[in-house]
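Next up is a structure, given as structure tokens.
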Amino acid sequence: MPNNLLAGKVGIISGALNEHSIAWKVAQRAHAEGARFVLTNAPLAMRMGEINKLSEECNAPIIPADATSTEELGALFSGAQEQLGGKIDFVLHSIGMSANIRKKKHYGELDYKFFQQTIDVSAMSFHKMMAVAEKQDAMNEWGSIVALSYIAAQRAFLDYTDMTQAKAMLESIARSYGQRFGKLKRCA
Amino acid sequence: MPNNLLAGKVGIISGALNEHSIAWKVAQRAHAEGARFVLTNAPLAMRMGEINKLSEECNAPIIPADATSTEELGALFSGAQEQLGGKIDFVLHSIGMSANIRKKKHYGELDYKFFQQTIDVSAMSFHKMMAVAEKQDAMNEWGSIVALSYIAAQRAFLDYTDMTQAKAMLESIARSYGQRFGKLKRCA
Amino acid sequence: MPNNLLAGKVGIISGALNEHSIAWKVAQRAHAEGARFVLTNAPLAMRMGEINKLSEECNAPIIPADATSTEELGALFSGAQEQLGGKIDFVLHSIGMSANIRKKKHYGELDYKFFQQTIDVSAMSFHKMMAVAEKQDAMNEWGSIVALSYIAAQRAFLDYTDMTQAKAMLESIARSYGQRFGKLKRCA
Amino acid sequence: MPNNLLAGKVGIISGALNEHSIAWKVAQRAHAEGARFVLTNAPLAMRMGEINKLSEECNAPIIPADATSTEELGALFSGAQEQLGGKIDFVLHSIGMSANIRKKKHYGELDYKFFQQTIDVSAMSFHKMMAVAEKQDAMNEWGSIVALSYIAAQRAFLDYTDMTQAKAMLESIARSYGQRFGKLKRCA
């Protein structure tokens, strides 16, 4: 029962790996509601996943980008604007990864190289995305930038180990950059 | 008007650079209330500050330690227990540093190397301290581990730039490791 | 640009006094999106306002009810189900009144009779509505019950005087009754 | 191990019924730390409890007062200042009562007369206390006014029924009157 809610809107959706990804479902619904968008993922994640299938289903071009690299994010945002024919209405940041979780490290024995990587990939990438969007003046008026968080951002969930801190930081970035975008807009 | 509130208690106080440091005042009050403690700071910070003066005033030995190094933190905790004659009753984490703030980078142009350093020094060091304390079983029953946060951990303060995220992460670590210590104790 | 989002849904909308009321706008939008609903207000508020105009515009019958009276709320919910031909999909509680504010009493000189009335009308009425809905088993699966709050529910706003407490209580009722409805549904 | 922390301080402690009351323990500790204070409770509660025992133990006069009556609260504050020889340093509001809980009413069948009484006794009384203190200018510089809350003020706990709302309102009153006292002091 689509209602054409996103007719005319264009966006960037990251993090759709396979049909279990939240981003996958978001892409399908956005497509059903009339949006056009670019899909993106890290090159490595793309090899493991089935993003091509989603790309065909949604008629959405793919622009690979490592979200820890401001250069690749820059290419993503300029490429997306080119492919979609103008500024961006919505961005979905759906990126998270913890080698500490994968290796089943408990919270008392975290590997700190992994921890830094968790933060870099899962949180700092969100700041980078928005800094790129700001520099390129890539967002449309009333555009939306959304990241996926988890209640662990505000409570303790030991099994989620360092992702807990990544999500706390992600929400903090949302508050800070949200205020910055708000002030930039008021001054414009 | 001291009330002998910390008689018999021993601790570790980090981050006292000069008399403007919160940690400096904490050390003076803890001393006045009867506590014995070790002072610590990063070697670089020690050269810039006047920690020797505080050390004399409080009759507190100094053990230099870079709080980003688990090795040096290990030496700090074992050295402190040796000097103080037993397990630790209280720890003060009063460590924060942002090169982005020093260089007056606004929130839209943060340097990401600096950002990682801010996180490493100002937040991840707190996890490292507690992981070391756990490994050495260094804390006394009913001991306290305290870190200094700021309201920016929960709201947006653009001038505080990446320290905002560091404090959000610091509070998240407090929640997570607090739960872990609580569970370890219940199982002991 | 309606999108037919509420096609087939039926509801109860309280508190539309005139076109400055939030409930007024909600009713217009709900109508535009295809919902059918009953309008309600206190008899006194109806005399002061222009609800008949809205009733015609939205083709929505009016059932007067004093929201502090469980009897009248009972008649409202049974009447609404009769008029709408079945169970209710959505309820809007948009009711608030403070004689302390009207009389410009500052926070240190609140009249306590007025204060009780503020609580009764603006908060307790929400519990009564839901208790009636529960007793009549009036809500449809996946139905929504919404009350209008204000940030003062969670912070201090002195000019809002006793409405501050009413909204804190309103949100508390939402949490409690929300949990209750959730548990009733799980057990059903 | 008292530390003389409240030497020279005078206060009012409400709600000590018997040795299971939090207020009872507070009174004992305050006495041990050197405070002088007046005990108060509702006449009915006094008959049921053992406040005379506490009064002797702490050498603390009793001034009965119904906390829902501004008149009796006025007599309490003026009487306390007379007995203690000056303005008040600390007040403990430890008052809560719900006939709905006593009668084991579940959350869906609350008696609204009881609900109003719960609010009146357990929350509104806190506003009345502070309004009386303000009118009499009864508080000393840096004085403290404390009420006992419960986590239910911020979450849903169905067994706590209408006390949940009373505590939400109590905390809201604390925020509002705290701001008012802060502003009054700044203007003085």
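Each chain gets a letter, A, B, C and D, in the order it is written, and its residues are counted from 1.
One rule holds for everything that comes next: a contact is a pair of C-beta atoms (placed from the backbone, for glycine too) under 8 Å apart; a residue touches a chain by one contact, two chains touch by 3 or more.
These figures come from a predicted structure and were not determined experimentally.
Enquirer: Farthest chain from subunit D, going by mean C-alpha coordinates, please.
Expert: Chain A.
Enquirer: Whole-Å distance, subunit A centre to subunit C centre, using C-alpha means?
Expert: Chain centres of subunit A and subunit C, defined by C-alpha means, are spaced 38 Å apart.
Enquirer: In whole angstrom, how far does the Cα centroid of subunit A sit from the Cα centroid of subunit B?
Expert: 34
Enquirer: On a C-alpha centroid basis, what's the spacing between subunit B and subunit C, in Å?
Expert: Between these chains, centre-to-centre, one finds 51 Å.
Enquirer: Quick check on subunit A: which residues sit in contact with 2+ other chains?
Expert: Residue numbers touching two or more other chains: none in subunit A.
Enquirer: Just say which it is for the chain contacts: an open line, a closed ring, a star, complete, or other.
Expert: Topology of touching chains reads as a ring, each chain with two neighbours.
Enquirer: Write out all the pairs of touching chains, ordered by chain label.
Expert: Once each pair is checked, the touching ones are A-B, A-C, B-D, C-D.
Enquirer: Would you tell me which residues of subunit C are touching subunit A in their complex?
Expert: 3-5
Enquirer: Okay, in this complex, where on subunit A does subunit B touch?
Expert: 70, 107-110, 112, 115-116, 119-120, 123-124, 127-128, 131, 134-135, 153, 155-158, 161, 164-165, 168-169, 171-173, 175-180, 183
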